[in-house]
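In what comes next, chain A is part of two complexes: it sits with chain B in the first one and with chain C in the second one.
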Partner chain A sequence: MRYTYLWLMQLVTGVLIAVLLGIHMVIQHLEDILRFLGFNLNDPASWQSMMERSREVIWAGIYIALLAVVLYHALNGLRNVILELTPSARTERAITWTIVAFGVIVFAWASYVPIALLSR
Partner chain B sequence: MRQIRPRQNYLGAGGWVWAGNYKLERYLYILHRVTGLGILFFLLAHLIVTTFFRIQGQEVWEKAMTILNNPLFKTGEYLVAVAFVYHALNGLRLILQELGFLMAKPIPPIYPYSDALRKKRLWTMAIIGIIAILCLVFFYDFIVGGW
Partner chain C sequence: MHKEKAEPITFRVQRYNPENGGKPHFQEFIVPSSKGMTVLDGLIYIKENLDSTIAFRTSCRMAICGSCGMLINNYPHLACHTQIEEFHSNRLTIKPLPNFPIIKDLVVDLAPFFEIHKSIKPYILRDDLEEMENPSTEYAQSHRALESFLQFTYCIKCGICVSACPTSASDKQFHGPQALAQCYRYCADGRDDGEPDRFPVVGTDHGVWHCHLAGACSESCPKGVDPALAIQLLKRRMVSRTLRLGKKEPPASTLPPPVESKPKLPFPEFTVKEG
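Moving on to the complex of A and B:
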């Protein structure tokens, strides 16, 4: 893939993360402010509330989508940072494939968990 | 005889933290990078906690949460929230400016120089203001939610 497309995807995933992670942060952390505005979430960080969410397919889908998007954005960003040291083409390939392998492993494990939790 | 010496202005890793006489946007860029790397480390820690501990059931999870519920980690979490707010809004600015919004029309560089970014510096300032307000909102939550 040409580097331009990698960068374009970095921008697109950036916007997606700003929306999805913004929702995640507001729900998980701004509970008191949401209650003040009229939304009562009943302690979203507790085990019970977490389990209720993880039994729903839509939440598992959201988490896996968020995981994929965040991993791409984070690891592509890390690669951009490292490549600013202008390594040789050989080293660059090694860095790229290490990062790709790392990303695939993390994605496989971390997307297995919400799927396994669906039936608990 | 003078030789061509390539990459004389090449800063290497030093350029990641040192921007010299460059202006505001360059320092925002350095902060963008620092917060990005910080969030990356948090992401990995967060994934470890929410997968390895969570899949082992309620007891292990709640034990892990009690360990993590101390002032040091709470402060760290607040810093991650601030880093996220900064990275998100500064990133939004970067995307808009890459697409040509929020900046003036480019002109030939004639002294005194005035680049397209600096003419609309007010937008950058507005975004820094929004970042500061959101940081205060999360600080309120951090204080109310207990250390």
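Moving on to the complex of A and C:
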């Protein structure tokens, strides 16, 4: 049932991307609409606003979660595409582990930024 | 019956014999057509009158056996179920079904296709082996339960869905829509307990999870079966079982035979028995 979980995770991460990216887009780029609805974020795209948000645990959590789900969704999708063209089980294993290693390295590297900003 | 004479049709047939080497090439034949004539009739005319070496499969001539699947004007059809006049053209290009190895001319090797079909155990499996081998009585099945999988029982295993499937074209290990639809057909059958045997076979990277839902299988099926739907239902069923969601349908209950019914017929004497 391992493949069933992998596929289910692909669906779940797709939904999570829509939610987390939606939060990011609304807060960062739909300021006028938010103001119209009564929320004044006071220039959320400015450097000052971003630095203030980066010190909040909730924002660090949202961006690390977004990073994780995007990486899973993209790399698992890429793996599926590549596996369609690979004829041998040995090559499949090599591709899978290469992609897993790549994902872990990118996650560790990229999540360092919000964690470092949070601890400033 | 009076047959209305129509203009001659040019059959452009792909010829290829792997044993002789070379590459697939086309050969043209002029075939006199008549109203109601099928592509298979044209091929039989060629074999009987123009070139007896042309190879194609045929048997029932009524879209039941699934032998004469081929690519006609770049779309997979059963040759016996396709009339020449459907194409509104006096030129037909006929090729073997794609996604299968060619044996000769229009004959493709269906052995791998049937191997995959066999791997999903396309028959009723029950936990109680003794009852499965020697059923003591009938199993009750409501009309609703039957209709949940009935359309998938109409599959004639012609291979047309696999030849139309873009995933089968790129992934040679993909199980294909036919086997996956048949897997759902048996799993959805109330008399069956075979999910634990079938799910590990189809629940792989080259099984049910690799279907892109292009829908070409359902569009091309000459019997109107919807394998793409079966694959989606199979995915839902596998996720439900994995997450232990939903309620598993109770197995079909057994019914004592009606009092008025005749007793079970004994095996006839001429039946070949093992051992």
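Following the convention adopted for this analysis, the second predicted complex is superposed on the first by the 117 of 120 C-alpha atoms of A that agree within 3 Å, B and C clash if a C-alpha of one lies under 4 Å from a C-alpha of the other, contacts with A are read in each partner's own complex, and residues count from 1 in each chain.
Just so it is clear, a residue touches a chain if its C-beta (ideal position, glycine included) is under 8 Å from a C-beta of that chain, and two chains touch if they have at least 3 such contacts.
Bear in mind that the values here come from a model prediction, so they are computed numbers and not experimental data.
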Touched partner set for A:66, first chain B, second chain C, both or neither: neither
Partner chain in contact with A:3 - chain B first, chain C second, else both or neither: second
In the superposition, chain B vs chain C on chain A residues touched: B
Which of chain B and chain C A:84 touches, first, second, both or neither: both
Partner chain(s) touched by A:92 [first = chain B, second = chain C, both, neither]: second
First (chain B), second (chain C), both or neither touched by A:20: neither
Partner chain in contact with A:41 - chain B first, chain C second, else both or neither: neither
Which of chain B and chain C A:33 touches, first, second, both or neither: first
Shared chain A contacts, counted only where both chain B and chain C touch the same residue: 84-85
In the complex, chain A residues that touch chain C: 1, 3-8, 80, 83-85, 87, 92
Of chain B, residues touching chain A in the complex: 10, 12-13, 15-16, 33, 36-37, 39-40, 43-44, 47, 50-51, 54-55, 58, 61-62, 81, 84, 88, 91-92, 95, 98, 137-138, 140-141, 144-145
Contacting residues of chain A [partner chain B, same complex]: 11, 14-15, 17-18, 21-22, 25, 29-33, 47, 50, 67, 70, 74, 77-78, 81, 84-86, 106, 109-110, 113, 116-117
Chain C residues touching chain A - in the complex, by the definition given at the top: 167, 170-174, 199, 203-207, 209-210, 235, 238-239, 242-243
